[in-house]
Structure formats: structure tokens, C-alpha cells
């Protein structure tokens, strides 16, 4: 997206002209207006038909708002609950209580780091078993007190390492799925950036699954698929398309329940409007879920996941 | 504290071509062994004890009482939901796997009996696109558990899978969720689920249904883990422990209940199931 | 990854003799500080921030809204069930502790409010035979939780205990079970329990009620652990890590939710309790 | 108990005489009979009034039957279930399914080692967090399938070590207590040797608590109490008495529900009769518990533990 930089440059120039104009020497209002129209048209052109790969890049954009940004803008009174009570406290998956329009909710959020230091602490946003077990503990707390559970998903995947395997990361993910399958409170999961495979699903088996417009959600990273299936890491772009991992496509496929609009160019272009849209979506979906009697909620959750899959029935005598 | 001497994974010869000879040469001890004898011996070399790859059909044969197997309902096949093409089209891979294995997809499910105890059983087959779980495998596992609930039988799943079926995209990831919601129903119904992990039980299968057995048994020679060795080596850039992700590694780290020799699997399952007969 | 710089435990001066002077000298910074000022400041040195030991009475004062405290029901005392004598008779130790502290045993329980939120609270007192839990402490904790259930209030327990009251033998061990069965009723009633661990929260108290908070908070300077340092050093014969069993150790190892400064404890508790108002 | 050795010596001599007698040279029947009467009287004398300390020594006797011995003699089809699914598999606390008179039960047993090798593997019978968490997992399995839970307790205490603390051993014990408090199946715990403090109680919060006649059950080891209270490790004997840790005393105090008789001199003198007595007691207590409706069982368990404690009410104006 080198075009993106050109547009940013043009925007800066317009701003300079605007200041010159304001200083009162000459009247540039007309010219500025025309430049702005041009800029707007170019933006529309650039961003309205994003390729899948461009969305992947936006989903991973270093300036993209992370979970804690939404916690600050969408929720109030975030009260972090730390530790799995067994081994440690993962900093790539945070949990806690907070308020959404005054109403208590439980949060499970995956948090990437921005600095090298922070990335080290947060294992580049990859969740370890400690994080999944903490999430499960917080889910159970939420269930005890009737708090809805909201997950904000943003990880390239569960952390692959010797310690993760020693601590049974697969088992931890499986147990989370089992717990979420039976949780007697409404659950909403939102993929805010990267929804990376089992590492994302481990907090994503929810009544409603939403995605930000430029988030991705996939069984494997494009790079991983390229390496395994194309035997060529350069094919990530093709893989991204083939895997159908973008929000609009997944909504069309019926695999998610809603797409939260982002400003042109991505959430980082205007975090405030993104937060507002996210908040509106969360409130609306929770409102619908809370109107459902518990048994209907659980039955709907069951039906949703029981029904996922595409296959054909073969004739008994087919070879 | 490994029960067996440390080793790399046992060799798995998945590409055994069908041929008509009555004898085969064991790649481990070099002996010429009578093929029928090998098959009757759960595909364990009668001479040196080496495990040969077991197809899902052979696995069923070696676990279930003779003649007790009855496949479950419909034959399902993928409809290639993403019209996926990588270095070659997915539908070609599937057709080839079907031709090679005689299977519709990477699992066989059916009713049967083990030492007289009625069960529903699913056996995954690594030959079929690495035993990966896509829509068909997920659906068949669910139908098997539903059949177990309907008939009030215990459920056994023998896993052999590299994980999710990439070519079905997010649909295949969601099979993890699908199998788990049904597994929960099996638990609510008070029916036992014995998970048998074999070579390999990994990725999305290990991180969902396979890890949720009331009892989790690993076959000797199994590979058990979530992330692949190569992915981990790339991430941490260090040598992995010698017995990493072997069945003894899993036992040592508390991930499984027991390790069994393949020859003992049948009696092991009968013993385990026996406790649950008439349970609540 | 400690939040605070590593250190040995903060000094706890439990044997502060009552005296009539208006001023005291801080043992940490050496400043002469006005005693009333110290007490109003949650027994934190206004000059250097050092924590002084807080009695249960002082703790209640610093947490609860002024004038809101109302002790619960009966005053209970041990009846020395084993007629226990070690280097001296248990009943003498108890009488001395009662005289020294003005308490009946190692805990105060009552109703009160925190920033207007009604709670039931128990505060253990380390001065009374090391804050150990015998029949009286166990009974009072249970009565406090029962009162919380009756009034539909949240429950707060501020622990400061070396563990079980050895002099009451098995009876004191069983207080672990007793407090836990009642804690379960509190959970079934849907009422929150916030456990506050202070210096020290160890042994049978840490291994029962104190670890079972819906939220577990450690005060800065807390010591948290099951076995005593000396026992561990004798068993493993090696140096213990510098911050072993400190609150930052507990946080790092996932055992607690949060660390709070004593000055912030009141607002922290109000914030936490706020989430549960009107919860199921 | 040096007298014990004298008696063993006498017994050996009688056996030698019996063989001489059998070989047919001379008739010693009368003399042998008299010696046997004498031996029996001496034994009765020595063992019928054991001091508390003598019982402590029997409870820790290196030849005393351990849990696996009872598993072999009292139960059938032991099917071990290993691993906590999180960290590891403790070998000092074993769990599994087994049959008691044909009926499936779940077992939680603490196992000491006999050889140096075995003691290293089993941490001298001291349970680690891995063991407690495994026990909890097996309890939950038992609950799901309605299996009664039987605990055989034999530990000097939970393992005190850095790793234990890092893995939150106190929290693990607390969670076991909470789980046992609510377990919807009958539970029986038997102290077969040493019942060491929280490390024992962690599998001991049961509907019925039994002790073998020479088992001990205490809030602290006699040695620990001596060191802490007497400041003198040599006072363990006095501490053992003061702490009232023997089966007959605890039964009298109403803190346990039954004592399983051991042969004179201790279980190791005749493991078979001890096993038979243990089996009879287990069957009888389970039979009684299984006759109770679940709500009554849980109410009785609650009342039992809610009621434990001794205190007096002070007058409001007492200083």
C-alpha cells in the first residue's frame, strides 16, 4: 500500500495550505476545497475495493487499535483479573470485569504489544496455556454471577513452544471450548484484528461472533498455508484469497453474525468511530441475547455449532 | 521417567501400495514375514515388534469383535466449499485419496462390540489428506456420538490426524467447536468417551475432541501435541527434547492416562468400558 | 516481572506496646511522625511510605466507612479442647493474647459499609497466636459468611495468619473443611467473596478459605504461601529465590488477581464490590 | 519397641522347635504349646496398651502395608488414571477406577515408596500440586458417572518445596476441599498410615472418615510441633500425646467415624486380616451412604463439617 503513503502526504500538504490560509496572507479556500475533494475521491478509490491481502495487512497494521484501546474507549471501570491459579499470568490474554453502558460484563481479550519490550512480555500476542486457563477461570466467575462474556480476539495463534506443549496447550484449548459450549450466560466474540486458528477459537465459541470490517479469521495464517500447501512462502497473497478469511466473505458464508464497520483505510484511521461502532454492535447483540431465556440461548448456541459444515451425501454404491 | 526407552517416532509407512504378494519384508528387522500373520497381529511385526501403519479398516478389525462392525448411516463427502486450489485443486486431492484408500473421507464410524461390550467407534485414517478434520470428519464424529447417545453406548475415537483440513478454511476450524458441543451432550447423557491417541494426534484434533476423553489412552508410538515440530523450531530456534511430543512425553506431562501397546488395545478398551456399564 | 522492586518481606512490628506518647519514630526513615496521622494514613509512614503493622481494629477503621462497623453476634473463645500444654499451657497463651490485644481470638467479624456498599467483613489479627485458625476463628468466619447470606451482602476476609492453631490439634485442621463448606453456600447464594491476603497468609488458611475468593487481592508487602520458608529450606536444602512467597511472586505465578497498596485498599474493594451489586 | 524384637526372636525359636518336633526325634508338643501361650500373653501385654508414640511408630513402620497393597487385596481391576492434564503426573498420589465387591469405585490413594529409588520417584510419599489436581480431575470423573470416591490417606504432608509453591499447592488443596464439599457421590476416606495435615485433608473431606487402628491423623507432625512449640525436636513423643492424633482418641472425640482393627502389633503383622477388616468397613459404610438420597447425603456432609469445633461463648462484658 504505497498509495496509502501518497495519500497521507497529500493530506499533510492540504493541512499546511490550510494553515497558510488561516494565517491570512492569501485566500486559498477554493483550492483547498478542490484538493480535499480530490483526496476524498482517491481514498474512496483506494480503500473501497480492498483485496484480501490488503485486508490482511490492515488487520496486522502496527497502528491498528488493540484490545486495551477498545477497553479504554468502549468499556468503563476495567478491573483486571490476573492469573490462572496454577502456573502464571499470561500477558497476551487479559481478563477482567468492566462495564458496558454501566452493565457489568466479563472480558477476555488478546493483547498484542507495540514496543519490542511489550512484545516480549506479551509473546507477540500469542496466547500460552496460562492465558487460556485464566480465561476459563474468568468464564466460570462470569457464569457464577451472570455476567455476559465478551471476547476480543487478536492473535496470530496460540504460542508454539516447548513450554506450551509441556503445559498441554491443546488440552487447555479443548477445555475452553467445552466450557464455552455450556456457559450459562450470553457470550459475544469479536475478532478485532487477527483471528488465528485454535488460538482464537479458544475464546471464540460464542453465541454471536462478529468481526471488524478489516479483521481476518482463519484456520491457518496465509504464510502457514503457503508453506504447507504451496510449498512456497511467497504465495501468502494467493493463500489469503483462497482461504476466504475476510469479514465480508465470512459473513456471506454465514460463518459469522455481523461485521463492524471501520473507517476508510482501517480502524487506525479513526479509532473513535471504530470504537463507537463496536460499542453499538456489542450493546445490540447483548441486548438480543439477554432477551432470550437461558434454555433457548443454549439451544441456539448448540444448533449454531452443530450445524456448521458443508458436505454431500454419496450414493451407497459410489466407489 | 519414560516408560520406554527414548526414541524418535516410530516409522509410519503410510504409502504402502497394495500388492499381491503373500510376504513382506519388515523394514525394521529385515525378516520376511507372512502378511496375513502381520495383519492378524494388529500390524505388529511378529518377529521384532515393530509397528506397521494401520489403516482405519485394519484398526477396526484389530479392535472390534469379528463381524460386529456395522458402518453408520450415510456416506458423506466434502463438496469443496471454497473451491479451493493450491498447488492443485482440493477436489483432485480428495478424489485421489478416495481412490487410494477406498474411504469417503478421513474417518470410519460405526457400531460394533469389544469383547461383547457394544460401542460406537470412530477411527481416523492418516492416509486421507493427513487424517485432517474438515466438514465430513467433524460431521461423522458428531453423528457417531449422537448414535452413542441414542443407543446408550460408550464412544471410542481413535485419532490419527495432522489437524484441521486447511482446504476447507474456517469451516474446518469450526469443526473443533462442533465436535465439542456434541461431546458435551454425550457427557450430559452420562455416557463414557474413551479417546485413543495414535500417530499422530495433533493440531485442531488434539486441541478439541481428542483431548476431551473421560479416559485418554495413547498407543505406544503415538505422537501427541498441538503445534508441529517445525513451527516450534522456527519460533524458538532451539533443539527440541529427544522425546518431545511422544506418548511418554505426554504421560510425563500429565496429558494422558495411560500408554498401551497396540496388541493390548482391545483388552484395554474392554476393561475401561466395563467400569461404565450401568453407570448413571 | 515483579511490579515492585524485589525485597525481603516488609518488617512487621507486631509487638508494638501501647504507650501514651503522641509521636513515634519510623523505623525505616527515622522521622518522628505524629501517631494520629499514621493511624489516619492506614498505618503507612507519611514520610517514607513504610507500612507499619495494622491491628485488626486499625484495619477495620481504615477499610470501613466511619461508624459503619457493627460486630457480629456472640463473642466466642476457645475452651482448650485438648487441655493442651507445650512449653506452657495453651489457656495461658490465650489469656495473654486476649489481654494484649483486647480480642477474644484471632479475628474480628462484623457488618459494615465500604463507600456505602454494605458488606460483612472478617479481619484476622496476627498478634493473637500468629493469627492462627482454631475453632473460634473457623466458627467466626462461618458465621460471617452465613450473615452475608442472610443479609445478601458481599463477604470480605482480610487474612493474616500463620496457619492452623496447632494447640487445638485435628480440630483446627478441620476448620479448613468447615470454612470451605460454608464458602460453597455463599457461592451457591450468588454472593461475592473478596479475599484480601496480607502479611502473612499461609498454611491452612492459605490452603483453604483465603485461596477461594472470587477475587483474590494481595496487599503490598504480603507474604503468601503454604509451607514455611524454614520447612522448605530443610527439605530441599537450597537457597530460596529472593522474592519467594512475596505478593509479586504470587502474582507472577498466577495465584492472585491483583496487588494493591494499603492506601488504595478501600477504594479497590469498593470498585470490586460494585460489579456484583444486583448480580444474580 | 525393642521388646518387639525380643518377641520376634522368641517366635523364631518356637518355629525352630516346631521343625525339630516335626522331624520326629523327640516329642516337644507340650513345651511348644506352653511357649506359644507365653508368647501370646507377652504380645497381648505389649501391644494392647500402646502409647501414642508407639502408634506413631507403627503408623510409619517401613513394613506397614501401603495403598497399593490394599488396592491389590481389597479391590479388583485397578485401572490407573494418570496426569493432571496440566503439568504432570504425581506418583505419590495415584488415582483410578477399581471394583469393590464388583462395584465400580474411584480411588484416590497416597503411596509411599519402599526403596530409595521408589522414594525418589514418590517424593517420600509427599503429594505435590500435580497430585492434588489429578485427584480433583478423578473426583469430577467419578461424579459424572456416579462412582463413589474412596481415599486412602498416607502422607506425612504435602511436599514442601519451591516448585510446590510456584504451582500454588495451597490453592490446589483449597480447590480440592471445595470440590469434595459439593461432590454428588458418596465419599469415604481412610487414613491407613499417616494423615499429615492439609496434605491429607486435601483428599479427606469425606462423608465418612475412618482410620486404621494404628494410623495417626494430625494438624502437624509430632516433630514439627516439637520444633515449633517446645523449641526442642526431642519432644516429639510429648507432642504426639498432646496433639491427640491416634485413632481411638479421635473416635472418642467424635472427629472420625470408625476405627478399622489391626492385628496385634500392627497391620504389617498380618496384612491379610487388615485388608479383610478394611474391606468390610468400606463395604458397610458405602452401603449406608448409598442408601441415602443425594440431598440428604449432601446435607449430612455439610452438617458434619459445619459442626466441627469447640468453643465457649463469652459474656458480652467479659474483658
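Think of it as A, B, C and D in the order they're written, each chain with its own count starting at 1.
Going forward, a residue touches a chain if its C-beta (ideal position, glycine included) is under 8 Å from a C-beta of that chain, and two chains touch if they have at least 3 such contacts.
If you're wondering where the values come from, they're calculated on a predicted model, not measured in any experiment.
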Any chain that touches chain D and chain C: A
Contact-richer chain pair [A-B vs A-C]: A-B
Mean-CA-position distance for chain B and chain A (Å): 33
Whole-Å separation of chain centres (CA-atom averages), chain B against chain D: 42
Approximate Å spacing (C-alpha centroids) for the pair chain B, chain C: 53
Set of chain C residues in contact with two or more other chains: 211, 253-255
Chain A, residues touching no fewer than two other chains: 85-87, 166-168, 171, 175
Chain pairs that touch, as defined at the top of this document: A-B, A-C, A-D, B-D, C-D
Residue ranges of chain A in contact with chain B within the complex: 158-162, 164-171, 173-175, 177-178, 181-182, 197-198, 201-202, 205, 217-220, 224-225, 228-231, 235, 239, 242-245, 250, 253, 255, 301-302, 305-306, 308-316, 318-319
Residue ranges of chain C touching chain D (in the complex, touch as defined): 74-79, 81-82, 84-87, 98-99, 104, 135-136, 138-139, 142, 164, 166-178, 180-185, 202-204, 206-212, 225-228, 231-232, 235-236, 238, 240-241, 244-245, 249, 253-255
In the complex, chain A residues that touch chain C: 77, 79-89, 97, 99, 104, 121, 130, 134, 141, 144-147
Contact footprint of chain A on chain C as seen in their complex: 1, 187, 190, 192, 211, 214-215, 251-258, 271-272, 274-276, 279-280
Residue numbers on chain A that touch chain D, as the complex places them: 85-87, 129, 133, 166-168, 171-172, 175
